[in-house]
Structures are given as structure tokens and as C-alpha cells.
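Supplied in C-alpha cells, the structure appears directly below.
First chain written, first letter: the chains are A, B and C, and each begins at residue 1.
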Amino acid sequence: MAEVQLQNVRQVFRRSGGALVEAVADVSLSIRDHEFVCLIGPSGCGKTTLLQLVAGLLPVTSGDIAVDGVAIAGPSPERGLVFQRDSVFPWMRAIDNVSYGLKCRGVDKAKRLDIARAYLRQVGLADVERSWPRELSGGMLKRVAVATVFANSPRVLLMDEPFGALDYVTKLQLHQLLLTLWGQYRPTVLFVTHDVDEAMLLADRIIVMKGGRVADDRQITLARPRTVESLALSEAIVHKEVLLRHLGLGALVQDGTAQP
Amino acid sequence: MSRAAIQRLAGAAVLLALAGLWQLASILFPYESAPGEPMVPGWQIIVTHTFLELADYWPGGFGVNAVAQGGARTYAGAALAVLSNSWDTSLRLYAGLALGAAVGLSAGLAVSWSKWSRRLVALPAQILRTFPMMALIPMFQLWFGATFLGMTLFVAFAVGVIFFTGTVNAVGNVADVYVDCARTQGASRFQIYRSIILPAMFPELRSSILLSLGMAWTAVIAAEFLGAQTGLGQIIVFSQYFGYVDRMFVVALFLLLYAAITYALFERLSRRLTEWMPRDHGLGGRDGAR
Amino acid sequence: MARISSGASRLQVDPLGIVGLVALIALWWALSRFHIVSQLSLPTPDGVAAAIAQNFFSSSYLAGYHLGEGGLAANLAYTIVNVVVALIVACVVGVTLGFVSARNDLVRVLADPLMLTAGTIPILVTAPFFLVWFGVSRSAQIALLILYDATIVYLFAQRAATNLDPTYAAAGRTLGAGEGRIVVDILLRGALPEVFGGIRIALAGAWGLEAFSELLGAPKGIGRIIQAMSADMDTQMVFAAIVALAVVAVAFDVATGAVFGFATRWKRAARL
């Protein structure tokens, strides 16, 4: 439920050896309300850094980032982030993890547990609310992480290659879960991935990054829900071929007609 | 028989074998450190005479006269001697342990609050860690005397250094993803310390705690070796001057028993705090996929 | 990502750390110089440094305490020799036993109760026994240190051998390596980092243990100096001896760290 504006964002950081690295060179983007944007690109292109900047975990070197016209100032539950690595706190039970953000904001115990329970039910984990994270599988832990973020009613949902470590079946199940929640709660989504198929399945808009800059910005107007059939349409294939070329995988493209 | 049972049986067998070797040594090496005092006293001596002889260390009271003043050696005297000296040693140990842990942990947490203070302190703390601790006892005695205070403070210092460096390291090793996740959920700095950093660092802190248990016992024994008036360590050293190896042996056994109790107590206490931990090892290196 | 500039040469030591160290020494100096703490309790750093310099290679002052003509250096040498000799012996015993016990159940069943019990007791308890058995001699120190070092090295060697992923040995076998080669090329080298870690830990504790053992009774050594000087309330010399020993301990720690690090440079460095 929010517009995200990036204006001439630049981010430079110093490596431990002393070298200066420009992770994000000059990015200006305008993301519309409720849009599902996928950020795609080769390793080291700056997509994860950009996400962390929008999250407020890193300060920008120069440029502006604003949500609905208000400049961001540090991390906040209104810009929820689902991490690449496992972020579920191992020393808290599942339900305590989900209600953590609410606890930090002072919501009283009974109420926040109710809210947490509702979200756990929505992600299909109603009967493991008292479990320790060590007892849960990788897919279940991701569901807990998703429930945790949604429990804080984020206006912007940031996702950093969240399903990369999961097996094929679990990943596809979580895609469906994510799309359901997105349809219901309508946050604006910025989803980082290097998986072209994943981006084609999820996104309204795919932004390609290379060398810290935006290299391409493509609207995906395929109808939802997207199926095996709709992803085999020629329109979809063209998008996929262009994206593969951007990632340096042009050898997989059959003919040379689709140019980036 | 289960694996664990076999191991326990084997352990007991080996210890028995050691006891047998000791007996063999007492026969093969009948040298005496002093007239009537064998260097390697056989079990027959240890079991019959030695405990009674410990009554020598009871300074009198509770209706039992001191041997030094002409009283007879009694089991009551011996028991009292063991009890009172055990009490003295244990008090110094646990007081020093508690003090050192509290100060070391708080100082470590305080220093870790800011990145700058952590970097400032890193090198001096590392050097302090490699310092030959035991060599400092004479200084502590010069400063505070060979008293309860002096010895407790030394134990506290030795333990505190381990806790301090351990805490700073453990806080630094808390995975960034947990702190970041808490930040994005709106947690304040204080909330992050309380609900994220403290539990997350416990697995690593655990090894520091175990280390400091051993260090505390070493420190209190060492301090008592060097001029204490009471305590089990003092009895050992005093006996050593006269070559009473059998007394040294019995008192040492008591010390080992108390040390074992300390470790067992810790195991009990930490069990509750670690019920969330995965069975094989602690945190770190997990990436969501199992 | 675009590299904007190349960094300065990689510094091993954090400059802020040195600032912290200098600040600590400055605090020490101030406390003593301005008599906030009495100079009898806390001699000045420059006083201690002077004492070290004056008495290092020869010292008639120390000779007066029956500590030999060689000053601090000679006594330091005694201490260092004891620590190094004991460590070498303990490594041979501990590593061999540790590795063998990891692969051979019988040895493990025999060695574990011994080494693990010895590992949990405060080794200091045995010091007076060695004094009685060996008298006030070098052997008492070395025996104590061997016991201490060996139990630590054994534990680390056994753990290292056990933890080494069996995949490596299996891969070696499929490539045609015989048992002997597997032990030397794969097991030994793969377990080396962890074993080195144990050796460094043992070494760190050995200095204090050796000094204390000398305090209890020894013909020479830094501990003996500490004992004699503290009996006479010469805190400046006590500090001098402790500082000299600490410098040696730190120097050895840094040196072994560098050597071991180089020998195991194939292992990815731990996250800073």
C-alpha cells in the first residue's frame, strides 16, 4: 500500500582491505503502489545492496529513498524484510518469533499471540506454534519468517532471494503462498532473485541490474494466475530470452532475434 | 549393553587399574620423604591412618581439642578439619566466580555496545588473556594480603578476564542476520541486547564458562598454596613441607570431588538455558535448508 | 560493482587496538606517577622498564638472592626451555595418542578415562606431589607441564581426527591411496588446524603454570625471581619479572600464530 521512490541512489563502501567499492552507482526508480517488482541480475550487480538500502539497514552514500514521499530513516516494520539466510531466532518458539515485532511495539501479550496464531494458521503452521526452530524444516522456517513479516502489517515487502536454499517443490509451494498473501494484504513488493523462472512467475515488472545500474526495466503483463501454459506463450518466451541474455546465458537462446 | 554403559564400565575399570598401579608403585618405590613417611603411600595406609591424621588441622573448638595443644586425634576432629577448610576454600571459589562472572560479563556487554570501544579494547584484552595469571598471585598478596579478600579478588580477576574476552567475542560473533531481522521489526537497541544478543551468545559463552570453572579452581588452589592460613590448598602445601604424601592425596581427592560438583551444578543450570539448541552443535552456518 | 580505489596494504593489527593499549599504559603511568596509587603498590612503567634493562643480562642484585649471575635473561631461559621441552614431549604423546584413539576403539577406551579425568582436575593439585617426588628440581616443573600440555593436546587431536569429514578419506581411497598415505596426506594435514589450535591454547596456559611451579620451588626461573622479590617487597622487580614473562608469552603466541597460520593457510580465515 505504498509507493517507493529512489532518486539517484549511490552506495559506496570500504572493504576490509581498504579498497573502495561502488555497489550501487546511480539508481532512480519509481515503484507503484501494490506493484510486484523483481530485481534480477548477476552476482555482484548490487541488487542485494539496493534492497538493504530500501530496508534502511545501510545508509545511502548519496541520493534519496522515500516511501509515499517520506524519506526513510533506518529500518522499520513498515518495510518488512525476508532474509536470504535463516533469520528465525532459534532460542524462541515459533509463535514467539512471529509475535516478536508486535512485542517490540508494546502490544499486550494476549493480543499479540492471537495475531501471531492467525498468521501461523495462514501459512499452514497452526500446529507447530510451540515448536523450537531446530525442530522445523527449512521450508517451515521460511513460512515462519513470512508469517513474522506479515504479522507486522508491512506496507512494503522486501525479499532477498528468500527461497534460494529450498528444494524445488517447497519453493513452488511458497511461491503460491506468497502470491496469496500479496493478493490479500496488498503490500508493494521488491523481490530480489537470480532465478529467471521465479521472476517470470511472480513479477508485474522485472528490473535488471548490472554493475550497480539499472540495465533494463520490463513490464510483464501476463495474466494471473500464471501457469505452465501462460509461461509458454511467445510473449513470455521473449521476456525470458532477453533476461537470459542479460545474465550472460545467451548460449541457451535458440536464435538471435531477441535482443536486450 | 549400551555404548554409554560400556564406556562407564571401561572408565571405572581404568581408574581401578590406576589405583592398582599406585599400589604397585608404593611397593616398588618404598623411598621415604621423611622418616616414616613413604613417598608413594599404599592404599592400606591411606585408608587406615590418613583421615585420622587430618585432625591435626583442627585449631580447636566445638568441644574438640586441638592436636597441637595435646588433644588426641579423633574422627570428629578430622571431620571438623575437613569441613571447615572445605568451607573456606569453597567460599573463596564461589564468591570469586560470581564476582568475576558478573563484572566480566557486564564490562564485556558494555564495551560491545559501541563498535569503537570494542576495537579499542580488543588488543589489550587479548594480551591480558595470554598473561601468565598464576604469576600475579604474589602481587595480589602484596596488595590485599593473603586473606579471604585477597584470594577471592584474585579468583575474580582470573575469571573476569575470561568472561570479558569471551563476552566481547561472543557478541561479535552473533550472526548479523538475527540483529538485522530484529531491527527491521522495530526493536530498540536495548530490546536487541536483551532478546537477541544475550540468548544468541550463550552457546559460545558456554565454553568460556566451562573454562572459567577450571580457572577458578586453579586460581583458588594456587592462592592457597602461597601463604593462606586456612583452606584445603593450604593443608596440601603444609603437608608437602613434611612429606606427608598420604595427607596430600586425601585432601586432593576432596578437592577433585568439589570440582566435579561444580561442573555438575553448571550442567544442571545450563540445561534449561539451552533447550532450544540443536543437538549437534550451536549456531552459525545455517542457511535455511536442512 | 566498480572498484573505485585500491586499498592500503593490509594491516594485521587494528590501529585502534594499539591506541587502546597505549591508553592503558598511560593510565598506569598516571596512577603511579601522581601517587593516586602508592608507588610501592604500583611502580611506574618507566621504573619497571629501567629495572628490566638494568638486570637483564647480568645482575649482581639478583645474584645476591642466589638467582645466578645471568640476571633476568638466564632465568627466563630456564623458564622458556622448560616450557618448550615439555610442550614438544606432550605434543608427541598427545597427538599420537589422540589420533590413534580416534581410529582405534581399544586405545580410546583405555586412554579416554585417563586423559579426560586428568583434563578436568585442576592440574595444579599435582604440583606439590611432583615437588615431593622430584625434589626442588627441573624435573618437577617439566613433569607438571607435560601432564598439563598432553591432556589438552590429546583432547584437540582426538576431536580433530574424529571431526574430519570421512568423505576426504573415502575420496582418497577411490583415487588409489593406501592406508599410510591416507593417514599422512589426508588425516594428519586435515586435522592440523585444530591440533595447532590446541597447541596454542596449551602454550598460553603453560607460561603461568611454569611460573607458578617455580614459585612453589625451583632452582632458577622467572617464578623464583617473583618469589624472592615479593618476599622482600620489591614490587618494581616483581613487575619487571612479570612483564618480561608476559612479553615472552605474547611473543611466542604471535610467533606460533604466524607459523601455524602459514602452515595451514589453505584454511579459509575466520570471519573478522
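Odds and ends about this structure:
We take it that a contact is a pair of C-beta atoms (placed from the backbone, for glycine too) under 8 Å apart; a residue touches a chain by one contact, two chains touch by 3 or more.
Since the model is a prediction, treat every value here as computed from it, not as a measurement.
Interface comparison, A-B versus B-C: the higher number of contacting C-beta pairs is recorded for B-C. Farthest from chain C, judged by the mean position of CA atoms in each chain, is A. For the pair chain A and chain B, the distance between C-alpha centroids works out to 51 Å. Spacing of chain B relative to chain C, judged by their CA centroids, is 20 angstrom. Within the complex, the chain A residues that touch chain B are 55-57, 74-77, 79-81, 83-87, 89-92, 100-101, 104-105, 132-134, 137-138, 141-142, 148, 152, 165-167. On the chain B side of its complex with chain A, the touching residues are 175, 177-178, 180-188, 191, 195-196, 199-200, 202, 275-279, 283, 286-290.
Across the complex, chain B is touched by residues 13-14, 16-21, 23-24, 41, 109-110, 112-114, 117, 120-129, 131-133, 204, 207-209, 211-212, 215-216, 222-223, 226-227, 230, 233, 235, 238-239, 241-242, 245-246, 249-250, 253, 271 of chain C.
The touching residues of chain B, counted against chain C in their complex, run 6-7, 10-11, 14-15, 18, 33, 39, 116, 119-124, 126-127, 129-139, 141-143, 173, 214, 217-218, 221-222, 225-226, 236-237, 239-240, 243, 245, 248-249, 252, 255-256, 259-260, 263.
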